[in-house]
Structures are given as structure tokens and as C-alpha cells.
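Presented below is the structure to which this report refers.
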Amino acid sequence: MARFYKKRDSNKGQSPGSLIFIGNKKVRKPRIDVFDYTKDYVHEVQIKTPEELIPYKQNTSTLTWINVVGLHDTQLIEEVGTIYELHPLIQEDILNTGQRAKLEEFEGYMFVTMKMLNYDNKKHQVVSEQLSMVFGKNFLITFQERKGDVFAPIRQRIHNPSSQLRKFGTDYLVYRLMDAVVDNYVYLVENIGEQIENLELKILKNSGQEVLSAINMHKRELNFASKTMRPARDMIMRLNRQDEHFISKKTRPFLKDLLDIIVHVTETIDSYREMLSDFLNIYHTGISARLNSIMKVLTIFSTIFIPLTFIAGIYGMNFENMPELHHPMGYPIAMSAMAVVGVSILMLMKYKKWL
Amino acid sequence: MARFYKKRDSNKGQSPGSLIFIGNKKVRKPRIDVFDYTKDYVHEVQIKTPEELIPYKQNTSTLTWINVVGLHDTQLIEEVGTIYELHPLIQEDILNTGQRAKLEEFEGYMFVTMKMLNYDNKKHQVVSEQLSMVFGKNFLITFQERKGDVFAPIRQRIHNPSSQLRKFGTDYLVYRLMDAVVDNYVYLVENIGEQIENLELKILKNSGQEVLSAINMHKRELNFASKTMRPARDMIMRLNRQDEHFISKKTRPFLKDLLDIIVHVTETIDSYREMLSDFLNIYHTGISARLNSIMKVLTIFSTIFIPLTFIAGIYGMNFENMPELHHPMGYPIAMSAMAVVGVSILMLMKYKKWL
Amino acid sequence: MARFYKKRDSNKGQSPGSLIFIGNKKVRKPRIDVFDYTKDYVHEVQIKTPEELIPYKQNTSTLTWINVVGLHDTQLIEEVGTIYELHPLIQEDILNTGQRAKLEEFEGYMFVTMKMLNYDNKKHQVVSEQLSMVFGKNFLITFQERKGDVFAPIRQRIHNPSSQLRKFGTDYLVYRLMDAVVDNYVYLVENIGEQIENLELKILKNSGQEVLSAINMHKRELNFASKTMRPARDMIMRLNRQDEHFISKKTRPFLKDLLDIIVHVTETIDSYREMLSDFLNIYHTGISARLNSIMKVLTIFSTIFIPLTFIAGIYGMNFENMPELHHPMGYPIAMSAMAVVGVSILMLMKYKKWL
Amino acid sequence: MARFYKKRDSNKGQSPGSLIFIGNKKVRKPRIDVFDYTKDYVHEVQIKTPEELIPYKQNTSTLTWINVVGLHDTQLIEEVGTIYELHPLIQEDILNTGQRAKLEEFEGYMFVTMKMLNYDNKKHQVVSEQLSMVFGKNFLITFQERKGDVFAPIRQRIHNPSSQLRKFGTDYLVYRLMDAVVDNYVYLVENIGEQIENLELKILKNSGQEVLSAINMHKRELNFASKTMRPARDMIMRLNRQDEHFISKKTRPFLKDLLDIIVHVTETIDSYREMLSDFLNIYHTGISARLNSIMKVLTIFSTIFIPLTFIAGIYGMNFENMPELHHPMGYPIAMSAMAVVGVSILMLMKYKKWL
Amino acid sequence: MARFYKKRDSNKGQSPGSLIFIGNKKVRKPRIDVFDYTKDYVHEVQIKTPEELIPYKQNTSTLTWINVVGLHDTQLIEEVGTIYELHPLIQEDILNTGQRAKLEEFEGYMFVTMKMLNYDNKKHQVVSEQLSMVFGKNFLITFQERKGDVFAPIRQRIHNPSSQLRKFGTDYLVYRLMDAVVDNYVYLVENIGEQIENLELKILKNSGQEVLSAINMHKRELNFASKTMRPARDMIMRLNRQDEHFISKKTRPFLKDLLDIIVHVTETIDSYREMLSDFLNIYHTGISARLNSIMKVLTIFSTIFIPLTFIAGIYGMNFENMPELHHPMGYPIAMSAMAVVGVSILMLMKYKKWL
């Protein structure tokens, strides 16, 4: 399957808003966790059916974070969507894991989707997982493809009564989740970046295919990462411009900080991509330079010995009537002639600065 | 005929607005289908002459979708245009199949034109077909070059009384048709993209012309697709900015979604184009690297054997007075000398890290 | 003379507004034609002296199109300019044929200049000719370097009483002249474009200089065309933004259409330029690939025969004491040894996937 | 450690605002210096504990510059931050030395961070050091990683009662510090630039690796410098747009001047980067040209002597029945034939303009 | 000294506004000329000391043009600056000849600085000289590094009572001086451009270093010119946007014309730079193509003669027991065998389209 572009064609001819899961099934059974909390109280529970969400929805005095893991059960997603009155297009977007990061504002809630990125050290590939969030004044629903441990520290922190998470609203919780994702971006870029900076030493010394395939691989992965992070950056930029209905004044500096970080990351990716292009050019030029020196050696050897071998060949001929052959000084003279020819060519080369 | 730019010169010297068909005739006989429907009623009929359209035009209580297939009958187009009072320039645009996607607003109706793209698997070419739409509050006229099955599912759905198409206005119908076209773009880019991603494996291993011509072909086709889709994206962007006269509030989120999709597609094309440029660079560098290793082998063989052959040549000379030849140890000494020379060169090469 | 930049230095030290003709004299004698017309009346006359223009200027009830062909008679231009009270800078601009396309608004009239482009099939060069227009409510003065037939159809059409030209004002006449020029751009780009698309087939097969010089030539000509058309496009864009003083409501859709066409043309040029860059890269890579296969052949032959020739050389030596030579099986053994060496090298090559 | 991107992952899972030092410890013990001054009075003192800052904070009639050197003592930074009521995110930013230059406005103070750049002549590397500044109406706190002498002249000048520093506010002091940093940028770019301009002479003459590695090194360092200076330029641009609350009218022209300088520096970097790309291309092309001339020599020698050697080889064969060998003129004729062949090939080459 | 970036570091640690001359001393003694004129009166005088300027300053009924040639006497500049109350930063800018073109507005006067460019035909280098202008309602002070003759025609014209210079204000005089500078730009670009267009013919035929070094030289000089002209263009753009306080209505069309010219020049530079990049690519590809044909010749010769020489070598061996040698038809058969091998290889090459 093309990694840079996920199939959507199974959807063809369907009316928009039809719910179809597009992606790879990554968990066996979907799972719904609910965190219900206020400053003074926390309640964490795993629920079986979407209907159990209704009381949480009705109780607007607490913050409710509903985390849905596993997207292939389209009916489940639809039921959750129905309870929270989500627009059909949003439900479709949640299920289509080939989405660009985006932010959509609706009455009463906001929809945000972005990708988590991890570096698979075995396949040397960046792997992505889609995270969708719907949040209103007092609820947040997150949809993940697979149970990741990236949110684990945040879950723990909610249990801590002195945590800032308990004091702020859903906007801050959303920020914290995004921050965890962006932290992963940072980690990814550091990881690839270090490999790239290490590659530099090999470029001028090495001429093997492995340098070339490393450059190719890093180019492709950065291309992929950049394609994923750029829309995420734009989305965070737009989130920063939202008015105070969804984003409180206190959360704002944190979002600005997050924007700074993701802008820095995307700029760093661009630097690394430029660096790789430079590497390729320098590697190519280095190869040409080395070819030059190889060919010089061949040419020097050939231009010296080819005429000498020819002279030896002449006196190896079996003509009867070759007076030089019978001359007592013939051999030393021939050898001297060869030496003269050889040395002349050498000197010519020296003069032409080939040696 | 140049595919990237369709001839318009037959038009030269004509006054603007003269109706001339520019393109290839793709159907034998034009055909006009009419869908007349409201929430509760559908009527589908194929009509013979444009005059039959007049009652539909006058009846403003129903939605009328008129689908014209085949553009070479300029008189027919003109008659339809006259009935619906279309500006002469629009009639000209409908007939000129070398149009960029565009949107034009007039009093009482809006004109939209874009291209359908398909991948011809035999010729490995993207083929385009022009689709023009004129729509007002209660009518939509579509002009196609050829009867395509891309709109078939939409036609079927209109017959279904519970379909959203029956509940919304012409703007939603226009959206659905555009969505079908953009779906085709998505499918096309997936198709080419998968071929490109598969190409990657061959780049470092292969040095044949077929890789090169594949890169060339994909570059050209993406170039063509990009050139076609970019104006379509801009057109949908402008459609999104239209006020509520033509685009109802309910249709708006769907158009936004469509815009997201086409933006994603054009960005993906750019990623693939960059990838192909990288492929070409890496392929070229790989070839140079392979040339290096070929030349190394040649140089190693030559620099070892050329001097040795020269020594053999010397003792193959027929001078009478060559004392070495008569020496009993002459042969073994000569052979040893050769071995010494050969091994010295080998060691020098090892020292210089050629081996 | 540098084609990309016309000399202006003869002007150096002159005060601005001094009238000096910069360009090549292209007609022997300047010629002034006057078209005076209303809806019901046309009068076409060639005049001898600028003074004859005065009555036309005073009569504001008719539209007057004054066409001046030939620019080297600076006094003539100045007299026309004086009668129509043109700003000295405009008179200077008309005479300097190295102008970028531009639009300048003055009180009572507007000044527009652009280039006609033609493809000289013999020299394989784009040749340009400057067209300047000054137009007010009821007059248009056009300045051409040479009598071209590009405006002939428009001249004819004015004589036709049912022509739109007779019903609209000078703004529409200006549009029609520009449209004729832009039509020439379209024709030019089609022409070059077709040559470029045909070039593609030769790129992978051919390695001669002619492909290279064709790429170079097309690059240069598109560069030249692009440099000329881009300012024209910007000028038409600005013309579209003019208020209704100079551009009437009825002419506006035609100008918008013209803008679409010239935008399409400039985008197509960019596509073709990119294509040429791709061609050059692919051609270069193709050459390297072919060099690889040439060198492979040389290396295969050399690495097989060089050692064999060396062995033959050994047994061609004339040492007295070479026991192998006298051994009855010496010859067949030597031949077998050569065969073993040759086959080993061949097998090594097969193993290394060289063959 | 990756130089282009400083690790932040130790921070992972921490709540934002947790203070962790990210960077290399560059001084053994942090040091806090206080400059307290008005027009008529200066007091410079090194303090031991942050608590000593409190009286300075309370006294708003003097300007206080607090210079903190050494960032690894997070508790110290936190205490300073607490006394001056700095937002936790700012305290975090001060400690994270992998920050992009930025400007953040808060109530009562402004936060600015940028990098000092120096060229390490031994490692041929640009080294960066982070400088953070927090300033309000009557205080400025600067945080450096290491005691640098770049601010020494400014410190001295404050002691001079006639210095402008004594007459202006903190905004001017901030400007002077930034000016010192930007002066370092200027010096750095001059330094690298001179090396690059000197490199030019070697490009066409030299084919060694050292040119290549110099190009690579300069590219990397300029890339790094550009990546650091660009955000600094944007930051100074934003500082210029600040209203008069923080930036007084008198300081404004100086800031504008500073902006001009940093814009000039970044543009110069771009020029140098382009120059290096050109160098690489020209160097590569030069290598190819030299390879051509090497191969020409080899080919000329080979094509002349290979056929001659072959002829000599024929007459070196030991067939009994070779009548030429016994002919008295056999030898001279063979020699003449060789001469004819050799000269013919030479003449053919001359004709083909190879010589 | 780095030409692309003039040293400023001597300034390091100095307080801003300290007057230090940065550049090369180009005249021995500074010289101040004063032109005092109205419509009816002109007075030209060379003054000795800045004090003599005071009466001119006080007399606001005449226009005064003060031309200062030579900048190394910082005290002189300072005295002039003091009399005309120039901001210290401006005085600094006048003395620093490494300035970007810029425009600065102050109360009562405007400051403008730009570079004159000339092409040094001997060194094949663009040389720049800085021109600074300060002008108010009735005075203009110009600062040049060296007495150039570029302003001579303007000086003469002021003496002419019918000259426009006498009728307009200082803004027109400033325009005329700028126009003279921009005229020099035009001349420079024409000059380099012609050399570049002539270079084209040599690219496909030549493979010597001189083409390469010409491309390199032109790239560098255009790079330098572009870097200098771009800010000048921006400055003229900003001057065009000034309100009527400094720029009168009558001067405005001239400034617009000047802007058109400098925009045209900078665009032409870009065209030429692109052209040079194309040249380099085509030159490189041409070299590779020529290498191909050289290697083909070598390979053809080698692959034909190497096997033949080997066969000759076999029958040159001295084994006693070689029955072929004694066979009466041995020689002719061997020769035929060689012919067959040679012709087969030739035919194979023909078949593979190598010949």
C-alpha cells in the first residue's frame, strides 16, 4: 500500500458522511476509557457500551475525557458520535486515517485531528498514527488507532490533585495531549537528525552504495515527516488565533509556546533536508573526483607502458632480415631507447602537472 | 497535437464569443438527459431538441439537472445557451476543451469548469475530459465530452427518495458532482503514487534505461496532473468564499471538506514530484558510483598486467646478444621479477585503499 | 546587440523626456492611418501630416483610432504627442522599444504598452515588436514598429456595421487589439510546446549534441517569452482592476477572459520550462548510464584478455632454460591454463552480476 | 550530540513549566552581577543569593541590570524568576538552550532570547551561546551560559557618566546588548565570507578533496548560522513594531538601524550560500572537464599503439610458413605499414579535432 | 578584503553613532562644492570649510546642492552634519561604505543612500561606490567617495536657465541624480549581458576551462550586482510611496518611470542568472556527451584489437610441440581466424548500434 497516500477509493460512490474505516486494524477490540474529574474529584472507568456515556454528557459540572482506542468498529464510533451530536463529516474524518491535520469549528465543540509519529528503528521508517479530538466546554473525546503509552503520564497526572490539569479546563487538557504529540515530533527529528549529522563523516571518505541508500532513506522519511507536520503546524497556528470561546486566556501562552516548538521542528526538518541535498551533491562530486584520480593512474600506466610494449613487440618480430637484432649493441640500445621514451613521457606528465 | 496546450488558433481573428469546438470529438451524437425532481418526485427523460427544455426552465418549483454529453454540435450548445440566457463567453468556454478550471459569477447563475482525470493504463498517460457546469437556484446544466460512468452512482441516488440529494438544493448536487471528480483525482494520485513508491527499490539496484524512462514518464504525468488540479483547487477555494446567494449554509461544511481533500491531493502530488527529483539524483549518483567501481576493476587489472606484459615482451625480443636469455637462472629470475612487480603494485593499491 | 536587454545608453546624460528612438528601424517611412467611426458611420483614411489629426481630436462624437506605423521619425511622434497632449515620458516610452509591458494612468487618457511575439522559424528565435496604445474616452492611438497583419481582421471588422466593435467604446477596441496580441502568444507557446513535446522521444535514445542544443534553444526562447509575457500579464491584471472611468461594465467580462488566457499561457510556459529542466537532467543521466554500459564492455574485454595475453607473453620469451617449452604437453597445458583463467574471470563477473 | 537540534526529550512527560536545564554546563558556578544606575550614580556589585535582588526590585527610581552567568543551577534561576514574577514558561525557556530567537510580551515585562555566535577557528565550527533578556521599565535581567567578554565594553561604558547609556532607559541598554550580539554576527559572516571568497581561486585549479570538504564545511556552517540568525532578525523586526510602552521614541532609530544591519547580514549569508552552490557546480563541471582531457590522452595513446602492437604481434608468430618473414624487404615494409597506420590514425584524429 | 561584505568590526565596542570611516580612501583631499540656484540665478563655488555653509543654510529662498567628495575626513563630515543637524546614525551611515541602499525619513529631511556600479573591464569586476544624499525642502547634500563624472552632465544642465532642473525642487534634483546612477546600472547589465549572450555559442563547442571560468565570473558579478541593486529598487519603491511632503506631484511620474527601469534591470539580471545556470548545466552535459564519444572510440579499438593481439600472442609462444606452427596452412588459417573474430566484433557493434 502506498504509504504517502492512503486509499480512499473504497469510499467511491458512497454518499459523503457514510462511515467507513480506512486504515489498518491495529487493536483487536476497541476500548473506551472515561476520566471524569473536577478540582476535587477524579473518577476513571472503562465502559462497555456508548450508552454509558449519556450521564457524563448530561453532567456539565465535571470535565469528562473519553478516550476511544481502536477505530475499526464503525458502529461504535457512530454511536458515540450520535450521543455527542457530532456532524457526520467529522465522524467520517475520525475513521479515515489518511487525514491531514486540521481544525474545524462547530457550534458547541471543536474538532482537531493530527498524527503521532514514531521512528521504527527496525524498518528505518517513520510510522504514523492518527489522533482525533473533539472538545467542548466540559468534555473531550479522543480517538486513537492503538493504545499508545504517550498519554500515560498525562493520565497519571490527572490523578494528582495538585496537577495543573485539574485546575484548567478542557483546552489545557487538549494542549497537554498535543504537547505530548509534538514532543514526539521533537524526539523523532532529533533521532533522524543525529543519524544525518553522523552521516556527514562518511560522505567524503566512502563511495559505497550504503551512503547513497542512507541519504535516500533519510530524504524519504523527512519528506514524510514534513508532509505530516506542516499541516499540524498550520492547525496549531489556527488554534492560536481562536477566540476565547474555546481557548481560555490562561492556556494561551502555553499554546503559543507549543507553536514556537512545532515551528522550530519544521524549520529544523527543512535544514536537514537541505543538508541531505548538499550531501548528495558533495557525495556525487566526490565520486567524480575519485574517478578522476583512478583514471589518472590508469592513464599514466597505460601511456607509459603501451609505447614501450610496442617497441618490445617490434624486436620480437621474426623477420630474417632485421640487422638490429644481430648488432652486438642492439639489445642495450633498444633498452636505452625504451628508457628514454618512458622517461620522456614521465617528464611530459610532470610538466603538464599530472603527477 | 501538444497535450499540455490545446490549440486555440483556429479561433484566430474570430470575434470573441464565436462558438467553435476545440477538442477531439468523442461521441457520435450529442445526448441531453433531464432530471427533474423535488423531495417527493423524480422525472428522468432524454430529450431530442433543446426546445423541450423551455417548460423545465419556466417551472421554478422543481430542481432540473440537464446533462449534455458531446460538445461538437456547436449549434445545440448555442440553443441551450440561448434558452438559459448564458453569456456568449461562457458558451465559448464550454466548447473550448483546453480551459483551465475556473469559476465565474453572473447574474442569476454561476459557471464552473474543471477537468476529470483518468489514468490510461495502456498508454501510461493521464487523460483529461472537461466538465462544465452552469447552475442557478433551481437548475444545473452539465456539459461533458463523453458519457462517463463517474456520475452514474449520483444519478441512481437521485431516484432514492431518502437520499440527501433530494433534500438539498442545486449547490449540493454541484458539490456531489465535484466530489466525484475529486475522488477520481484521489484515485489517480494513489495509482501513480503506488507506482512511484514501488520504483524506489529499483533505483539503487538497477542501471537500465527503464528506470530512467519510468521516472521521466511519472514526472511528465504528475506535471500534467498538477497543472490541471491546481486551478481546480483554486476554483474550489473561491467557491468556498462565495456568499450565501449560491451556496447554502448546509452545503458549506461539505465544500470545506472537499477543499481539504483537493489540497491534500495537490500537496501529495508535490511530495511525489520531489520524490521523483530525488530519485533521479540518487539514480544518477548511483550510476556514477557504479562507474567508479567498474573503472577501479579495469584500472587494477591494467596497472598490474601492463608492466608485467611489458617485461615478458622484453624477453620475447630476438636480439642475439641478450645474456640473460642464456643464463640458466634467467627464466626463474625473470618470473620472480614479475612476481615482485605485480605484488608491489598490489600492495601499493592496498596501501592506497583501492582494494 | 544583446537581445534580452536593449541599449538605452545613447540616452545617457540626456534629460528625461528627450525623444530618442531606441530600436531597429523596421519600415522606411512612417505611416498614419485614421479610422473614424460611430455605430452608423466609418471613415478610413491615411494622413500625411499630424496636423490633419486636429479635427478628429476636436470631434468628440466619433471614435477615432489612429494607427502609427514606424517609430524612427521622432519628430512625427512628438507632433502627434503634442496634439493629444501626451506626457513627455510617454512619448519617450513609445520610442524606446526595450520597454516592459506597462499601464500608466493619466488625466484624460491611459497609456498601455506591450510586445507582440512571433516565432521566426528560420532563426528558431522569438522576435518581439513593441505595441503602444494611448486611449481616452473617444480616441485610441496605437504605435507599431512595423505594419503587421495581426490587426488586419480587426480593421476589416470595423467596416462591418453589425460588428460588436461598432457598438462598444474604445475600451473594447483596446481589448480586441490586446486579444489579438495574446492570441499570438498562445500560438507561439503552442508552437514551441509541440516542438518540446516531440523532443521527449529523442532524449532517451539519442546522445548527440543536437538534443542538447535543442534543449538550450528552447530554454532560451521560453526564458525570453516568459520575460516578455509576465509583465503583460501583470498589466492586464491591473487593467482589470481599473475603475469604470476607462473600462465599461460591458467590456469587463472580456478583459477577465483575456486575463484567464494570459495566465494560462504563462503557466504553460512554466510547465514547459520545468519539463525542459527535467529533460536535461534525464538526458544527462541517460548519457551517464550509457557511459556505464560502454565502460562495462571495455572492462569485461580488458579484464579477460589482459591476463591471457600476459600468459602468452611469458611463453613467448626466449629464455633457453624454460623446461615447460620442451615438455610435450606444455602447449595444451598452457592453453588449458588460459581457458581456466578466462572462464574464472567470466564466472566471477557473472557472480558479481556484471554480465 | 546533534548540533542542529538540541535534545529536549529529557523533558518528556514533565508538565510544561518544569525547570530543567538543557545544554552543556559551561561555567562551574553561576554568578550574578548587579549594575544599579541613574544619570548621576552607578553601583556595581556581585551578589551571592537571589534574595539580595529584592531591594533593587523595590527601588523603581534606578535602572537595574542583573546579569546571570551560568544556567545549570535551576533553583537559582527559579528564585530569580520568582522574585521578578516571571511566567514559568519563560523560566523554562531561559534554561532550554536549544531555543529559537523569540520575543514574548507579558504584563510589566518583555522576554527576548537570541544566540551569540562565534567562529571556533580550530574546529572550523560556528558555536552558539544563548542569551536571554527580561526587561521592564526599570530593570533588565540577562542570562548567559558563560561569562563572555562581548558585553565588557558596555559594562565599562555604564561607568562613564557622559555615556548615552546613562541617559536612556532599559530599552536602549537592551538595544546595546543586541547590537553587540549582532556585531558578532557581522564579524562571523565577514570571517566565513573571506574564506569563501578565497576558496574561489582554488576551484578551477584544484581537484583534491580539500576543496570539496571546504565547500561542505562552509555550507554546513552557513546553514547553521542562517538557521540561528533568521529568527533573530524576525525577533528584531517584531521589536521594531512594538508600541511605545517598552520602546521609547529616542531608541527607535537605533533599533531600525540594528534591523538594517541584521537584514544585511542574513542577505549576505544567502549570497554566500548561493555562491557555494555555484562553486560546487563549477567544481564538479571542472572535474568532468579534466576527466575528459585525461581520457583523451589515454584514448589517443591507445588507439595509436594498440593496432601497431597487434601488427608487431603478427610478425612475432612462430609459424614456419610465413613468407613475409623471409622476404629481404619484409622488415622495412612491416615498419612502413606500421608508420602508415599510425600516421593515418593521427591524421584522422586531427581531422576530427581531437588534437 | 571580502568584497561582498565590508568590514565593520573596527567599529566593535564603539557606541553607535561614533563616526568612523569604513572603506578605502579614494581621494587625497575631500572637496565641497556648492550649487546655489533659483529659477533666475545660479552660483557655483568650491568652499574650504564647512562653516561657509551656514549662510546657505539660513537662506531658504534658494535651492542649495552641496556635493561632498571624499569621506575619510570624519571631522569634516561631522561638521557638515552638525550644521544641518543630521542624526548621528546618519552621519555614521554616510561614512560606512558597506551600507545597503536605504531610505530614512526624519523631521525636516530625508536620507537616501545607494551604490554606483561600474564594470572594471581589466579586472572583470563590478566595482561599487557609495552615494549618500540628505535632502530637505531647499537643500540637498550629496556624499561621494570619489569625484565621478556621472554627475557632470547634471551640473552643466543646472547652468542652463531653461533646464527643468531650475524649475523643479530638490526632489527632482534627487531624482535626476538617482536616474544617473540607475542609468549606470542599465549600462552595466547591458555590458555583462552582451558578454553572456556571446558566451552561448562557445558552450556547446568548447570544453576548455575558459568557458567555465567565464560562467563563474559572470555568476559572481551578477550576484554582486543583484545584491546591490535589489535594495536600491526597494528604496525607490519606498520613495514612490512617500507622501507629498518630500515628493511633489510633478516629480512623481518621473520616479515611477525610474522604478519601472530599475525593476526591469533587476528582472533582467535574474534572467541572465538563470541563463548562466542553464549554461553550466548544458556545458556539463555536453562534456559528458563528449566523454561518451571519446570512450566509445577507445572501447571500439580496444575490444577489436585486444582479442586479436591475444591470438597473435598465442602463436608467438615458443612451445616445441605446437602442431599448428608446422602446418603449411597454419599462418593463413590463423590470419583468417583473426579476421573472422575482428569482423564478428565489428558486426556485433553495428548490431548494438555503437557504430
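We just call them A, B, C, D and E in the order they show up, numbering each chain from 1.
Assume a contact is a pair of C-beta atoms (placed from the backbone, for glycine too) under 8 Å apart; a residue touches a chain by one contact, two chains touch by 3 or more.
In this text, all values refer to a predicted model and were calculated from it rather than measured experimentally.
Asker: What is the minimum number of touch steps required to go from subunit C to subunit D?
Answerer: 2
Asker: Touching both subunit B and subunit D: give me those chains, sorted by label.
Answerer: Chains touching both subunit B and subunit D: A.
Asker: At the interface of subunit B with subunit C, does the proportion of residue numbers present on both copies reach over half, so same, or stay under half, so different?
Answerer: different
Asker: So, what's the distance in Å between the C-alpha centres of subunit E and subunit C?
Answerer: Once rounded, the distance between the two centres reads 25 Å.
Asker: Starting from the mean Cα coordinates of subunit A and subunit E, work out the distance between those two points in Å.
Answerer: Computed from C-alpha means, the inter-chain centre distance equals 41 Å.
Asker: For subunit A, give me the residues that contact two or more of the other chains.
Answerer: 284, 288, 291, 295, 298, 302, 306, 309, 313, 316-318, 322
Asker: Give the chain order around the ring, anchored at subunit A and oriented so that subunit B comes second.
Answerer: Order around the closed ring, subunit A first, subunit B second: A, B, C, E, D.
Asker: Mind listing the subunit A positions that touch subunit D in their complex?
Answerer: Result: residues 153, 157, 163-165, 176, 179-180, 183, 186-187, 189-190, 193-194, 197, 200, 203-204, 253-254, 256-257, 260, 263-264, 267-268, 271-272, 274-275, 278, 281-282, 284-286, 288-289, 291-293, 295-296, 298-299, 302-303, 306-307, 309-310, 313-314, 316-322, 354 of subunit A touch subunit D.
Asker: Spell out the part of subunit B that touches subunit C in their complex, as residue ranges.
Answerer: Touching subunit C from subunit B are residues 1-5, 7-9, 11-13, 15-17, 87, 89, 93, 100, 102, 104, 207-209, 212-213, 215-216, 219-220, 223, 227, 280, 283-284, 287-288, 290-291, 294-295, 297-298, 301-302, 305-306, 308-309, 312-313, 315-318, 322, 324-331, 334-335.
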